[in-house]
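Each chain carries a letter (A, B, C and D) given by its place in the written order, and its residues are counted from 1.
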Amino acid sequence: MKKLMNKPDQFVTEMLEGILAAHPDELQSVGNDLHCLVAVGMDAARRKVAIVTGGGSGHLPLFLGFVGPGLLDGVAVGNVFASPSARQIAQVTSAVDRGHGVLFLYGNYSGDVINFGMASEMADVSGIRTVHVTGNDDAASSVKGEEDKRRGVAGIYFAYKAAGAAADEGLDLEGVARVTRKAVDRTRTVGVALSPCIIPEVGRPGFTIGDNEMELGMGIHGEKGISRTALKTADETVDAMLDIILTDMPIPGGSTVSVLVNGLGATPREELYILYRRVHKILVGKGITLRRVRIGEFATSMEMSGASVSVILLDEELSHYLDCAASSPLFPCP
Amino acid sequence: MKKLMNKPDQFVTEMLEGILAAHPDELQSVGNDLHCLVAVGMDAARRKVAIVTGGGSGHLPLFLGFVGPGLLDGVAVGNVFASPSARQIAQVTSAVDRGHGVLFLYGNYSGDVINFGMASEMADVSGIRTVHVTGNDDAASSVKGEEDKRRGVAGIYFAYKAAGAAADEGLDLEGVARVTRKAVDRTRTVGVALSPCIIPEVGRPGFTIGDNEMELGMGIHGEKGISRTALKTADETVDAMLDIILTDMPIPGGSTVSVLVNGLGATPREELYILYRRVHKILVGKGITLRRVRIGEFATSMEMSGASVSVILLDEELSHYLDCAASSPLFPCP
Amino acid sequence: MDLCRNDVIGVFDAMSRSVTTGKDLLTSLDADLGDGDLGLTMVNGFYAICQFMARDDAPADTAQLLMQAGFTMAETVPSTMGTLVSTGIIRAGKAAPVRGDIDAAAGLEMFRAAVEGIAVRSKAKRGEKTLLDALYPALEAWEAALSTGGDIAACMDAASRAADLAVVATAGLLSVHGKAAVFGDQSIGKPDPGASAIAMIMRGAREWFLRSVTG
Amino acid sequence: MDLCRNDVIGVFDAMSRSVTTGKDLLTSLDADLGDGDLGLTMVNGFYAICQFMARDDAPADTAQLLMQAGFTMAETVPSTMGTLVSTGIIRAGKAAPVRGDIDAAAGLEMFRAAVEGIAVRSKAKRGEKTLLDALYPALEAWEAALSTGGDIAACMDAASRAADLAVVATAGLLSVHGKAAVFGDQSIGKPDPGASAIAMIMRGAREWFLRSVTG
């Protein structure tokens, strides 16, 4: 877990400088604060709800990689695994508001919830209406019935996509929030971690895990999962993940879903496809149709090794929004 | 370096099964051989040179991720770090040939060179004309004047892009080969490795590297580099890489280049941007213009940690071809 | 005694010293039930406030001084506790008397505004093992001390002692919010880090009064 | 003696046994100057050939038998040496006499075709520390033995001994091709793994002749 970096306390600043240098046509900072990023070329006259996200660093392409055409309008970037400040969120909010309200869409972590809450009040003072939707897809992070306590992980991707498309099509703030909430409500994720990662300023792993162990249900900051077991095969791992997902959100045969197999950082793409192979076999075996499958790194934990599987149960409306075009420099075209 | 897999000897087969299950609208196998993949929906009547690549597994999205619209037509996939067979290459070649000849574009490794050579002879027998272009961008792998001995690494991306676009625009085999060779000749890459990777069937690291060491110029299979040193800062690392690149291929001020900062697998995107920050600063400082910057995982070594920097010196023709649209399911849209 | 603007600065200096002394304890409490950053965020947050208050151009008005201090802390340490404590400070500033010094009654209004602001912001309720489980008992103790004629120093003394006792009681509670929630039953037996931080902050304030009244 | 189809199968069985015995040596030579897969690829390649040749439906014609055996090996072990050795076998098959057994002269034509095919395919030249540095001396020894009236067993004996000597000489050469090239000067002093494999293969053939002639 060696890092290619300069000073640990400059990790986020230099990363943001690199991002702005690399993608000046797509992303820009506002208010002289590198942590406050918005899409380039906003048409302020357009009748469109704006969408703002935010969260800690260390999860690229999350969160800032979801700002772009067909997606979100702005992002407030925190330090590694730490919330951005309410002021930063409010600043991004002011920069992207077109007068039709702003959707706050972020992961369900208390630091973020509280800072977005405070930012809402600040926005209120400036006359900007905000509505909150929080991603809470991690089915392993709290029991059924306590969904509001669950963490948001890779599955927020589907909510971003649906929200961005709904806003693009001109839905009003309530409409965009409704679609986004539906996407969140119909998404479940379970992750598995095989090795820890190191916060640059801390310098040592956040947890330890034996050479032949894995943790099922672990969060993307190394939060405690459901069980620590001997390293399973890829197929057994998927079976355990899907078991949790499908128990929590039963999916009847004949349904259509989209699936995201997400790498946490060090796990190679080859292995994600080996995992997907099993996901496909099991879901198809249940008479479920898969579409718009996504495999790659969408929400990482720096150099952590492991993966997550997210499933969203689609209806026609969500299928439509997921299909809409979107782009981001953090998802480079070949 | 734990792996999410089932049986090690099924690693590549199961990966390919996963890929075909995930992307049935984009990739299909030919001749009942999962290792022989071609793009779906070929228009056999179209007047277009076909392009075939191939190489060992373990480098996703390389090689098969470059088959798609605006890119290549087919790929022969070998086992981990091993060439595909001549028969497999020939089979892909027969499947994609439209009667206007086939460009063989692959990395300069003796196993691949020899198998593509043998495949050419087989194609010849079937009346298919082939021309070879090999990627040899790794500036650290042989001294100047012996460019033909250099390894092909991440920079082959630029050649793929140029070749695919030139073929798409209807150039004939010689024309496509000329453009592709130009892209190859104007590309240089230097990589740095911080930790090894494990071939699934071998089960232990291919080399060792101390906790506080890095190797400059190491190849994507762990081939010996130029020097093993104490772990440098990101800035020092980039300085050493660019020094090799710019000594080998001087780039006058006023030139335009495209840059690819490529992650080898475990190195997080955050660090790639910290590297890019320095690349940008140095090149801009020399009066060089950067465009179409690409940052992400393009050519990996499974879970190896490290990165490479590739620079291509553009002219108008190459700029044009690099800008053409292309897509691949291994580069998912958000 | 009532508090003037400069006394408020003195109180914050004392709070800052208190969390600096207790940094390792907060860190280890949060490492047990969360991510271990609480010592750092409290120290850095109060340090930023003190730096801000010491500036020549810091507002002359106590209400403004407190509000801007709160925003400074929020900007510096946007963690859960950083933001909640900042929220409390901002609310206290908003509730500060327009003119004149802060007496025990004004202090109660400010403290109540702070606690209510934190409750609204956090959406947590009493008994859910959060900083509120130190804040509510302290607020009630202040109110009781005031009703029996205590001055602001006496109110603070009562509030701080109540907070200390309350922290011990949080050990019996189940964490349902924040990073501690995943520990479920395993959280029982351990005091809440956020409540502990509140007690530590109030102890700093109490010590300032002790020094100022006696010294 | 001349070689009929079934003798050819016997020779390949003997070659297969030889590389199986020498597997670890090839692996370690290639680990030193390459990626360490040579033992495995040679063993697997010759095993696949023997399996193929033993099939009931294997071609009755020696030329076809060899060509298809070569393709089988190429398919099984598409590494540098796997493909080059296969190329040699395919070329030898193409050059095999249309009718009748293989005598020393026909063997020379086949061997020459094999070596030339490998040279063309690999684009390497003599002296560049590759399998060619074992093959050329062996070919010349065969030619010399033939010109002094040796039969195919004698030619094979001479060729194999020449290959053995040549391997030792490759230690003095500088690697310029394949994975060994990066070692530059450091490659000097170590024998070439590919040349060693060739000598081992030929030793297997030579031993078959020894057994068949004496036994």
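Here, contacts are C-beta pairs under 8 Å (C-beta built on N, C-alpha and C of every residue); 3 or more make two chains touch, one makes a residue touch a chain.
The structure presented is a predicted model; accordingly, all values stated were derived computationally and were not measured.
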Inset, instruction - With chain centres defined as mean CA positions, report which chain is farthest from chain D. - result: C
Legend entry - Centroid distance [mean C-alpha coordinates] between chain B and chain A, Å: 29
Legend entry - Cα-centroid distance, chain B relative to chain C, in whole angstrom: 57
Legend entry - Distance from the mean Cα position of chain D to that of chain B, given in whole angstrom: 33
Inset, instruction - Return the residues of chain D touching two or more other chains; collapse runs of consecutive numbers into ranges. - result: none
Inset, instruction - Report the topology of the inter-chain touch graph, choosing from line, ring, star, complete and other. - result: line
Inset, instruction - Chain pairs that touch, all of them, please. - result: A-B, A-C, B-D
Legend entry - Residues of chain D defined as touching chain B within the complex: 35, 37, 71, 74-76, 78-80, 83-84, 87, 121-123, 176-179, 181-183
Legend entry - Complex contact set, residues of chain A against chain C: 78, 81-88, 109-111, 113-115, 117-118, 141-142, 149, 206, 219, 221, 223-224
Legend entry - chain B-touching residues of chain A, taken from the complex the two chains share: 1-6, 11, 14-19, 21-23, 57-58, 60-61, 65-66, 68, 70-71, 157, 160-161, 192, 194-195, 211-212, 214, 231, 233-235, 237, 265-277, 280-281, 293-297, 300, 302-303, 305-307, 325-328, 330-334
